[in-house]
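Take a look at the structures below.
Below, chain A partners chain B and then partners chain C, in two separate complexes.
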Partner chain A sequence: MRAAVAPQADDLILSVREVKKHYPIREGALQRVVGHVRAVDGVSFDIRRGETVGLVGESGCGKTTLGRVIAALADPTDGGVHYSMDGEMRRIDRLEGKAAQTFRRNCQMVFQDSFASLNPRHLVIDLVGRPLKVYNEAASADLVERVVELLEQVGLGRQHLFRYPHQFSGGQRQRISIARALALNPEIIVLDEPTSALDVSVQAQILNLLNDLQKERNLAYLFVTHDLSVVRHMADRLVVMYLGKVAEAGETQAIFDSPHHPYTRELMAAKPDLEAEANVEIRGLEGTVPDPARPPQGCRFHTRCELATSACGWEVDDVIRWLEDAPGMFEHLVGVERTTEFAAELAFDNEDAAGLLSMAVRSEQVPETMRAAMRRLNLDGTKVEIEFEEVGEVELTVRDDGRMAACVLAPQEVASWKSP
Partner chain B sequence: MLDERHCAAPVASVRDLKVHFQSKRGIVHAVDGVSFDIRDGETLGLVGETGCGKSVTGRSFLRLLPVPPCILAGGSVTFHTHVVCKACAGVGCEACDGTGRQAGWDRSVDLLGISSEDMRRIRGDRIAMIFQDPGKALNPTLPIGAQIAEVFLQHRTEELIALAGLPPDTVGAIRRFASQSPRFGDGWLLSLPGPRRAQRQRVEESLAKMVADALAETQVPNPGKLMARYPHELSGGMRQRVMIAQALACNPDLLIADEPTTALDVTVEARILELIRNLQQRRKTSVLYISHDLSLVRRISDRVAVMYAGRIVEIGTTAEVFANPRHPYTRGLMAAVPGADTPRGKLAAIRGTVPELVDPPAACRFAGRCPHETGTCRSNDPVLEAITPSHSVACFIDHPAQSGERPTYERVTK
Partner chain C sequence: MTDVQQSRNAAGAMTADTAFRVRMRRLFGVLQGMASNPATVIGLVIIALMLIMAIFAPWLLEPNSPDPYQMPRDWGAVRKPPGTPGHPLGTTNEGGDVLYGVIWGSRTSLQLSLMVVGSTMIVGTIVGSIAGLVGGWVDEVLMRLVDVFLSIPELIFALAIAAVLGPSFGNIILALAVVLWVKYARIMRAQVLQIKQHDFVDAARVIGDSKLNIYLRDILPNAVTPVTVQATLDMGNVVLIGATLSFIGLSEAGIAEWGVLVSEGQAGIASGRWWASTFPGLMIFLWALAFNLVGDGLRDALDPRTEGR
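Up next, the complex of A and B:
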């Protein structure tokens, strides 16, 4: 698969290739592995020197996990993150010794919760000076001066050296985190929701600071956030994630001008900004993010997408999800025998319930496109046999100007669609 | 959104409310002289940064603040209840002069002065609250149905008994059971099998019906099934819907929503907002909507009050405040939100941080962070004064002090 964002070889510093991170689900006395939560499920993109890549999505879409994999705080299950070192790309989870150290000092992370990420029992000088000590960069009087220099860069000063984290406000604590990340003069900083715990006025201060630092030091940022107005302001390029996969990627401005994926569109419609007309209708998404241990077939967004077509991957799980919400039906379901993800035999404890289901899936009660995707529906006593069109996973495809989107619809269809 | 005839009548009026907290460093003036009205059927948005006292204001309506450390230092929160006109069910007819209320049934109470039993009667019945984090506000050890049933057991006992066809003398027993202090002998409702069993079943059935109806209002799929679930089994959005169902179960006159969507994703947030707005319009509930998010408040509220450091600095209709913000703090907040055309690195941040509210001096609370401050701001305390009939601001730019230099928007202090 191609990278979500095309690289320019010379100034590439990090390239993420087909990264997967699966967490095992263990059950029972023997802690047998019964499944995997697919937090990140095949993501590729590149980060170039001095640019900001925004990573957006709802909670539970795997954006934080991906950030941690990139900062080498978690090892990928499959695929790898490649870091440009001495002119060649090297996989970060296979680095050893000196090379591993070089990567670690060049890739730093700023966490969302500055209460949790700063040790409450350490003074600011220890917190910010620790990386310098560990890498033998400075000691004693020199160390104090270096720390003061760093603090001044983030808008704090010498008077803050011997204070504890709890003596600072949220914005100041985030500044300390940024100073600590800057200590070893890194090339890239992973910012995991750095401003979501802050008020807007303080958020503006931090965003300005991050921007100044980037200009000064030619830093690359991976900006993980759920706030679209922040990401539009900060990011050069954008990667929109949904349920462990990239839904859309490309230049920030281009994506905001015309989203190619319905999910991106919905995200934007959910939060119009202050400049928009006061009467712009706000729209939200129905339902919740599906279980990442059993991601939907075809396009992962089809369960919530209002533009879904019959080719988007309707499957047996969609019928079961519908049954769960239908009053007085799910209780009668006694067994589901799947032959594939797309075909199964649903057994009920009485004929009425089975009859009701076979009626319902033929009627207006289920989406029209779901009915269109149904290949076979057989009512046999208490059993209902159901089969859908088999659809492969919807892959990211390249659109013009390096845009990528994973949607079966053409961009014009996404753009022209209006909510009924 | 708002009928003309309702405009005059407030459902609650806060006058010079002062809520202080004891701390090691002294008395913190968290809310320091706040006055506003919530009109009948309107949504009042209360915005401000962390620590400006907006949640404390909201909680003081229901007296949910622990005393001590909280000190109710002064002022009043007057709550006006009314009885809906029986002839027209609140729509407005000749019998009630178009007000939709039964004449002579209006009552006012000072929520800060009444006994805790009276407060209990109002809490959850006439005034309800939705909290920020539904994960914390719902009881993790009780199924959803039981938590909503509690509201009905507490406030709708007569209705419940009538529905179940029980003798009226059981009201006390059910109510005591609901308040979790059952007397000896009340146990029949719970445990004893035998002749009372049918009665108990009838109560349970009626209760389940009322709960299912309340849940169905919030558009949850399959309310019957949801009732048996525990909060941890639900998603954040679903939990917030349960909270809303619980809060609106008794059809309150006033709903206090304290950042109800802050813990949710934007996509879910939009749905919840829509739900609150629909329910509010249908039931004519007044809402105090507390939030730090300006764009959100703009969308949901009829009027906006901007709080800063325990004071209201600007209040007015949403259209006026957003089209013509007068207070430098309101202007600062709006400019700090990144917009489509803001050049990178040029966000207008408000310098400094919120001041500590321990023994604040008699000066404008925003002096020190304000880009337009003068000597006047540091030595005088501005009061909230009207600039148009529906827009007031507390700033010397619009209401110059008797003496001293007048600040202007043109003059920017470094």
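Up next, the complex of A and C:
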């Protein structure tokens, strides 16, 4: 385990610290900001020389956004990405001149869509040779030889120099993208779902290529994927994201052996591979991902978590979510007046509907833990006052075994839990 | 020079050559696509004939002196019908040779459309690019301006400007240029906004290329298709609108320009002298038709959904 060999300070390439990226939501003719999509909402982790960090999570959880912030394609709303330079950690969005260039050359990116990321009007020699031209590293005949070298490293060759991207298969195009990313001899490459659009067999070839290149060049990868099985054999460490936050982080093998976060467990079950199958019942993730503009209180996963306890952040929104699927009640709901996220007065257009709700939330119809979190329930004519225990955000904490997870449950409780 | 260097230089030259040939083949593919559409071919043939006519005008008919763009006056042969010796398409009220007007008028039309389309395309492309690239209040201001221009019908707007500036051929060019640049600004802005979202622009940013290079190498080349199509269509439309302005007397009397000839000849139609306005009118029609056919063909041939995929 890596923990045994304490990482040298100079091993560190990148340090992501409390990075947030919020996108404003604008509405109306005046384009007033009415809210924010909290695409990335406070994420921290490190990347060291030669290692692969797998960034995993369902689609929409903010992986691409975070990858783009790390590659300096977008500025963070808060927090920052720090890059190790001359023994110093420096924020990449504050670098200027030569230092900015050094970072730029050392952090490259491969995009998910191989077609969209290659200018359709450029020949392979232009595409792969471009980074060399930008930094005046090669010209004319020299450039050709350098490009050929790069192409050969990714399994292509001289015969491909004068072709357009559309003349290649998806896998070959991704090889071209990788060659372009290698041109400047970077320290780290952000790989945003580099194989997600490819057939399984082609996927394996690209993964092997990436593995070989990493060994030869001591490259670090941030491997972004929604598919845990892809990074299982690639990543040294995993960062599991859910709705803009880290749910769990640690050594890949350790996480696969015993996930400390219920979400990780479910992800593993959703994409079973042979070994995972033995440990976890296959059930797959249920329910939809909540709106990242209004993330759930407490633990963001509580709306879908089968292990949720009364301390996981039950809130007014959960009642409303439940109501949405409750015929005979939702259409009678006429108003929700919140005092906080945890307390509100629900107004109905008749007393029956209000009565039905106040009965329902006391009954088996809602999860027992939700009932347990309820502090107050008051039926007053057509109005139902409801109040839950206020819970702060469930933070990522260090567990006994040194790993990180953001869950109120102890690792043993997650491990011993069996699907009913 | 060592052998290695020599062979490398040779390789470099060969490379440039190969790249050039591959690009030419692509262009050829577009032309082939256009050639497979009969309507486009008809348009191209008409345009080619018009261009030949314009270029070789001095050899086809001796230029009138002192100003070849003025209609010649043969007071001994006024209102002659087509087929008159020396005047195969007849003459006007002032004894102007209609064939002269048709042939030299092609030069006038070419001048009009090239100047108007050239200037509006450049101005519109620059304004649209700035709006799309810079965004924010710059974009707001520029696009409000464009909206104002677009809210007034082209013909009425051009007419008003030409009327204010006074009747002259140069003022018609100016009026059309003032009116038509906004279309290109609109198209270009939309293109820039769309293309700048593409991953290949981010890919260029990741390798650290400059903003100017990204604009010139990634955004502009991928944005020119609709601008080119619009320009081709406008090559025809401009002559049509220009002729309309000439027709209502906003150009100079007596010049060898199709619209002016139609205008000056129309009074005679009632008395059976159809030729003085029909032949130039036919030329306007053919010119506008040809460029519209080619513009449509170009749009199909350059369509990214069909191009090369």
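Here, the second predicted complex is superposed on the first by the 401 of 420 C-alpha atoms of A that agree within 3 Å, B and C clash if a C-alpha of one lies under 4 Å from a C-alpha of the other, contacts with A are read in each partner's own complex, and residues count from 1 in each chain.
By our rule, a residue touches a chain if its C-beta (ideal position, glycine included) is under 8 Å from a C-beta of that chain, and two chains touch if they have at least 3 such contacts.
Quantities reported herein were computed from a predicted structural model and do not represent experimental measurements.
Engineer: In the superposed arrangement, does A:A99 touch chain B (first), chain C (second), both or neither?
Structural biologist: It touches nothing on chain B or chain C.
Engineer: Counting only touches as set out at the top, which of chain B and chain C does A:A311 meet: first, second, both, neither?
Structural biologist: A:A311 sits against neither chain B nor chain C.
Engineer: If you stack the two complexes on chain A, which partner ends up touching A:A343: first (chain B), second (chain C), both, or neither?
Structural biologist: Neither partner.
Engineer: Per the contact definition in the header, classify A:A270: touching chain B only (first), chain C only (second), both, or neither.
Structural biologist: first
Engineer: A:L377 in the overlay: touching chain B, chain C, both, or neither? Say first, second, both or neither.
Structural biologist: It touches nothing on chain B or chain C.
Engineer: Tell me which partner A:A254 touches in the superposition: chain B (first), chain C (second), both or neither.
Structural biologist: Touch status of A:A254: no partner.
Engineer: Does chain B (first) or chain C (second) touch A:A293, or do both, or does neither?
Structural biologist: So A:A293 meets neither chain B nor chain C here.
Engineer: For chain A, what residues appear in both contact lists, the one with chain B and the one with chain C?
Structural biologist: none
Engineer: In their complex, what parts of chain A are in touch with chain B?
Structural biologist: Interface residues on chain A, with respect to chain B: 58-59, 169-172, 199-205, 207-208, 211-212, 215, 226, 228-230, 232-234, 256, 266-267, 269-275, 278, 282-286, 288, 324-328, 330.
Engineer: Flag every residue of chain C that touches chain A in the complex, lowest number first.
Structural biologist: Touching chain A: residues 8-12, 15-16, 18-19, 22-23, 26, 198-200, 202-210, 213, 217-218, 221-222, 304, 308-309 of chain C.
Engineer: Give every residue of chain A touching chain C within the complex, in rising order.
Structural biologist: Of all residues in chain A, those touching chain C are 68, 71, 73, 101, 104-105, 107-109, 111, 113, 116-123, 125-126, 130-131, 134-135, 140-142, 144-145, 161-164, 166, 177, 180, 183-184.
Engineer: In their complex, what parts of chain B are in touch with chain A?
Structural biologist: Going by the criterion above, the answer is residues 49-50, 221-222, 224-225, 235, 237-238, 265-274, 292, 294-295, 298-299, 318-319, 322, 332-342, 344-351, 353.
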